[in-house]
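Note that subunit A is present in both complexes that follow, paired respectively with subunit B and with subunit C.
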Partner chain A sequence: MLVSEIDVISPLDLDECLTILSREGIQHRLLAGGTDAVVRMKDGKWRPNVWINVKGLNELRYIVKKDGAIHIGPLTTHSDIIRSQLLQTQADVLVEAAREVGATQMQNMGTIGGNIGTASPAGDTIPALFVLGAVLEIRSCNNKRLVPIEEFFIGPGKTVLRQNEMITNIIIQPQEKNEIGIFQKLGPRKAQSISIVNVAVNLIMGENNRQCLGGKIAFGAVAPTIIRAKKCESMLKIAPITDDMIENISKVAWKEVMPITDVRASASYRRDMASALLHRGLYRLMRRWESYES
Partner chain B sequence: MKAEAKNEKGNGGNTPFTWVGKRVRRIDGPEKVTGELKYMTDYQYEDMVWGKVLRAKYPHARIKEIHVEKAKSLPGVIAVLTHKDIPGFNGFGIVVPDQPVLCSDVVRCTGDAVALVAAETSEIAEQALGLVDVEYELLEVVSDPEKAMGKTSPQLHPDGNIHSHVKIKNGNVEDAFQEADLIIENTFYSPRQMHAFIETEGGWGKMDEEGFITIKCPGQYAYRDRMQIARALAYNPERIRVISSPIGGAFGGKDEITVQIYLALLAMHTNGRPVKIHYSREESVVAGMKRHPFKVQMKTAVKKDGTLLANRVRAVGDTGAYASLGGAVIALAIEHSCGPYKIPNVDLEGFCVYTNNGIAGAFRGFGVNQVCMAIETHMDMIAEKLGIDPVEIRKKNVYHQGEVSSMGHVVKSSVGTHKTLEVAENCDLWKNREKYKAEASEPWKKRGVSLATSFHGIGMGIGLPDYGAASIELLPEGKFKVAVGCEEIGGGNSTVYAQVAAEMLKCDISNIVVVQGDTSQTLDGGTVTASRSTYTGGRAVATAAPNMVSLLTETAAEMTGVVMEKIEWLPNRIVAAGETISYKRLFDYLYEHRRKTKVEGHFMLPKEKEEIKGSGGAPHHLYGYLTHVVMVEVDTLTGETDVLRVVSIPDAGKVINPQGLEGQTEGGAVMGIGYTLFEDVLIEGGYHKTRNFTDYIIPTIRETPIIETFPVEEAEESGPFGAKGIGEVVMIPIIAAIMSAIYDATGARIKHLPATPERIYNAIKQLKEQEAQPAR
Partner chain C sequence: MKPIRFTVNGSPREVNCHPSKTLLDVLREDLNLTASKECCGKGECGSCSILVDKEVICSCLVLAGQAEGMDITTCEGVGLTANMDIVQEAFVSEGATQCGYCTPGLIVSSRAFLNSIEHIPSVSEIKTALGGNLCRCTGYAKIIRAVETAAKHQLENKGKLSLR
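Right after this comes the complex of A and B.
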């Protein structure tokens, strides 16, 4: 397929979009911010017959609190997330992750739905959504289903999304006052880089000094999909998260990950970096927690 | 004539300058900053056609047959060309033209060009490339330079895989190694750096009805490009015009032919329609020049008091499939391999070796980067072992003007190393380094402060023509058009030329119009390379200016009947016995009398009389010097390194424009940071693993530290107003300084660049394991 032969359809609303998606016999792909799609088209990897350009569907661009949950429209850009007061106070880890995506230009264009749909094992917002317990609302012309984010990905670039479906809502649990999160990324440089390893952490803190009541930890770029670090998570509650305890927890991280070697890093380095980032993240998180308390 | 206050070198005693040495704003600044100036590759024409290049499918293969019929019959295709369509010599290369324009029998790297296509659209041209059917027979790939030098390796060129071998020997290193109190020996590896200019290779070709060919293609030497085009086309060079400026960056990567010959060939087949070629970043990565990766083995001997006794160096540079300037790069590396020091016994040799790993050529620093990291690391290792201060050991061993260098020649030109070291040891960062090092922000972060010094030859060295030429023309509106061959590649030489002209003509800088990089408008003044364009071009302008002063003084005398001695050459005007005569009036008079309004200035670069035997062009007559002080912070958990502060102390001779110099020192520092910490084009088995900027990591503003510049101005008598060149050494010592600062911070020595987080982390990990061992 030549680029000049590809059609672009820009539906005016969600219903029209879902109708187009349901058409049989045409090979189509959704185009949101285009920060991944255009690059892959250029590389000859993604050459559908039709691009369904959803960037203009403003009804899917929102951040609202509803029935105790936060709803984020899939066409919300990373910049929208960074600027959202609501997310800054009740989903800090997602804001931090969005801030680490590419650079400002990509944050302005790229969308959270696109980041999820692309299903890169190194996608920066996904670990944050994991630790915030995100649930995805997926719709087709005549069906709507809810899929927890941990069940959405089946491999690099592969999801449970069917040809006639799209993500229409991302629902996360807002952080309570005693919850605190952090996102840590290791890339080959500070900005405009693809993660070698990243990690998102969300902790529920107790009354006592550095007491943790539980939490979630999710790693990116160290397995075919984002993964939860359940062994580390289970250690969070054992004892106060002192600097020594941080070292003990992070030492376990390498057991949770199954990284590969590629042009950016070796598997063994990635394994060690899972521990390093968790160490750095928990340390910084505890400092931040203490500064809030005092 | 009062105009003779300054001689042609511009050395006017203590005359205060109006323009020289001032922070004059760049004359090309506004149009570049606003985007008003277009890149040549951004132009479009209505009747244009698109050109594309078919690359070799394999890094090493024999071509059995090329079938172009299918491609030719694709609707929209205008021309498909192969080696059979080259009218002249099928080759190019600045020194040895061993690179085929279009391969005929063998391909030697995946950047090799096999066919050219011109078509109505870029997409059709791309499709046509896919329809050119090339039958190959695969040959064994040569990917390791050391193995390439062995007898069993396939030979890539008729004379074998060793393109050049240079040797310099002085004294007796064996005896010195016996005498020495300390010997340090190490092997260093350096990366294949990419120029990463913002504008990839590209340009325009057009042939008019009379057969006159115009090539608009950013380059670093329009006249030589024209010669190489003419040679391939078997065409009269007078009938080819090359416009090579402005450029979206070059850094040496557009010194060699890029697409000029392709453009000319295609232009001959497009019926007068302009043809455009513009590489994608991916194509530029594969086909463009790179910096030579080096392996440097160095053994250095020293006395207990820190006096350097001997240095043995063996350097192997991977030039890839073709020579380009590889031989000269290796020669310059060897000439600089002992640093700006006086070492009595040296045994140095360098090899430039062919492989199937892309193509390497000129790049800012030109081989010196790769050896500086070795000698400067050794200086620090020696200093540490002997308990001598790093500044002291350098001061003790540097050569001064009039002394004999490690090359064995007397350095007659100015030498600023000692002064730069004095400034370094008195700068805030160095004096207070212990305080700054203690300020690391987190427990696992370690800081280190280090310094290094280096030098870089100015001009071409012995054996190559090296001259500057400039013309100054009085224009109808009374402005002066200063035309210099050397292109404005972003370094700011246009402003330097304007400053020199304005200073010597005593006019306002707005009265100077600078034209560069156009064979129809400028004289041949050599390349914009080798840290030479301020020195050589500036001196040529300074040589032309007095001729303009004479012309106009004589004209004014003739016009007014006032004797020459009474003609006053004042700022922005000429006064003859009280009567002011404008430049415009002078033009009108000259024009009415059909006289020339243009003068020229020519300048031969001074050279050493005798070449060091076997050195390939050493020594240079002139060198620029520079010392860097840096502070880094290493995250020992991850190996990430942050360069926090840089102090750059150049000896560029007299600084013509401090703002321009800072542009160089800042840009050079950042490029040096990229080289040391991030950049490498990875090639495995002849195939590129690095495709584009996704994985080729260059520093961004977030990797850019605070950079301070403290020039020491060791005036060079032969230069314009005492200036030398500085465009390359600005990125060199910082490499070794960062390496040493990482050591200072962590105790880990990195000898294989780039010092990626993974390499640093592994080195720290190894160190910890070693430390843990005795405790077992």
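Right after this comes the complex of A and C.
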């Protein structure tokens, strides 16, 4: 398929979009901000017959609180996330992750649905969504299902999404007053770089000094998909998260991740950096928590 | 080929092209607006930056078929020699350009940034705002100074306006 032969159709609403997705016999792919899709089209990797341009579907661009949960439309851009008061106060880790995506232009163009849809093991918003317990609403013309984000990815670029389906809503649990999160990323440079390793943490804090009642830790770019570090998580509740404890938890992270060597970094470097990022993240998180408390 | 209608620099335009052509190529080839440049073609360098609905984006990653109805401003729309914007004047007075290839993109990004603030930005704010624009010549110091200067002039102009 030559680029000049690929059509672009722009459905006017979600129903029309789902109808087009259900058409058989044509090879189509959704096109949102295009920051992954157009790059891959130029590289010759993604050459569908038709792009289904959803960028204009404003009904899928929202951040709202509903029945105690936060709903984020898949066409919400990274810039929308960064600007959202609601997310700043009740999903801080997602805002921090969105700030780390590319630079201004990519944050204005790129969408959260596209970040999930690309299913890169290094996608920056995904670990944040893991620790916020995100559930994806997936729709086709005549079906709707809910998939926890941890069950959505199968491997690099591979998801459980069928050809006639799309993500129509992202539901996260808002943070309570005693919850606090952080996102840490290592890239080749500060702006515009794909993560060599990233980590998202969300902790539920107790009343006593540095007492933690539980939490979630998710790493990116250290396995074929984003992974939860459950061994590290289980250590959070054992004892107050003192600087010594942070040291111990990050040593466990070194063992728990399973990175590979690729063009961006070697496996052993990734392992060291996963451990270091979690160390730094927990350290900063505790400092922040203490400054809130005092 | 498909007809596509949008607004560029305030004027309604219509072009006929294949819908997967990039907006950057449409601007340069079909509309002869050649300030926006192609360098990396993949969103990394910002030399193709334009404003869409007042937000800065990379036109090398937008397809013509997505541009229907868009309100686009290119560097030409920010200002031309006869009616330079304060950002452009500051780039000249600070000597923030050498080969000039990155300059239109930087001017567009700087304009978007200045539209969003009402204070003199810190160096780190400027670096964050312009992180998506690469320059291989200047070493950035003069570019950052130009944005500071433009921000000062912008505030002065606003001050003058409020006195009237």
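Rule of thumb we're sticking to: the second predicted complex is superposed on the first by the 294 of 294 C-alpha atoms of A that agree within 3 Å, B and C clash if a C-alpha of one lies under 4 Å from a C-alpha of the other, contacts with A are read in each partner's own complex, and residues count from 1 in each chain.
By our rule, contacts are C-beta pairs under 8 Å (C-beta built on N, C-alpha and C of every residue); 3 or more make two chains touch, one makes a residue touch a chain.
Bear in mind that the values here come from a model prediction, so they are computed numbers and not experimental data.
Look at A:Ser10: by the touch rule set out above, it reaches subunit C but stays clear of subunit B.
Judged by the touch definition given at the top, the superposed model places A:Gln192 against both subunit B and subunit C. Touch criterion not met for A:Lys177: it reaches neither subunit B nor subunit C. In the superposition on chain A, contact is made by A:Lys55 with subunit C only, not with subunit B.
Of the two partner chains, subunit B is the only one that A:Arg280 touches; subunit C does not reach it.
Overlap of the subunit B and subunit C interfaces on subunit A comprises residues 3-4, 103, 190-192.
The touching residues of subunit C, counted against subunit A in their complex, run 18-22, 41-44, 46, 49, 55-58, 60-66, 68-69, 109, 112-113, 128-133. Chain contact summary for the complex, subunit A toward subunit B: residues 2-4, 103, 186, 188-194, 196, 263-266, 269, 272-273, 276-277, 279-280, 283.
Across the complex, subunit A is touched by residues 121, 123, 127, 442-444, 635, 637-638, 640, 678, 682, 689-690, 694-695, 697, 699-700, 702-703, 756-758, 761-762, 765 of subunit B.
Those residues of subunit A whose C-beta lies close enough to touch subunit C in the complex are 3-10, 31, 33-35, 38-39, 41-42, 51, 53, 55-56, 79, 102-106, 108-109, 190-192.
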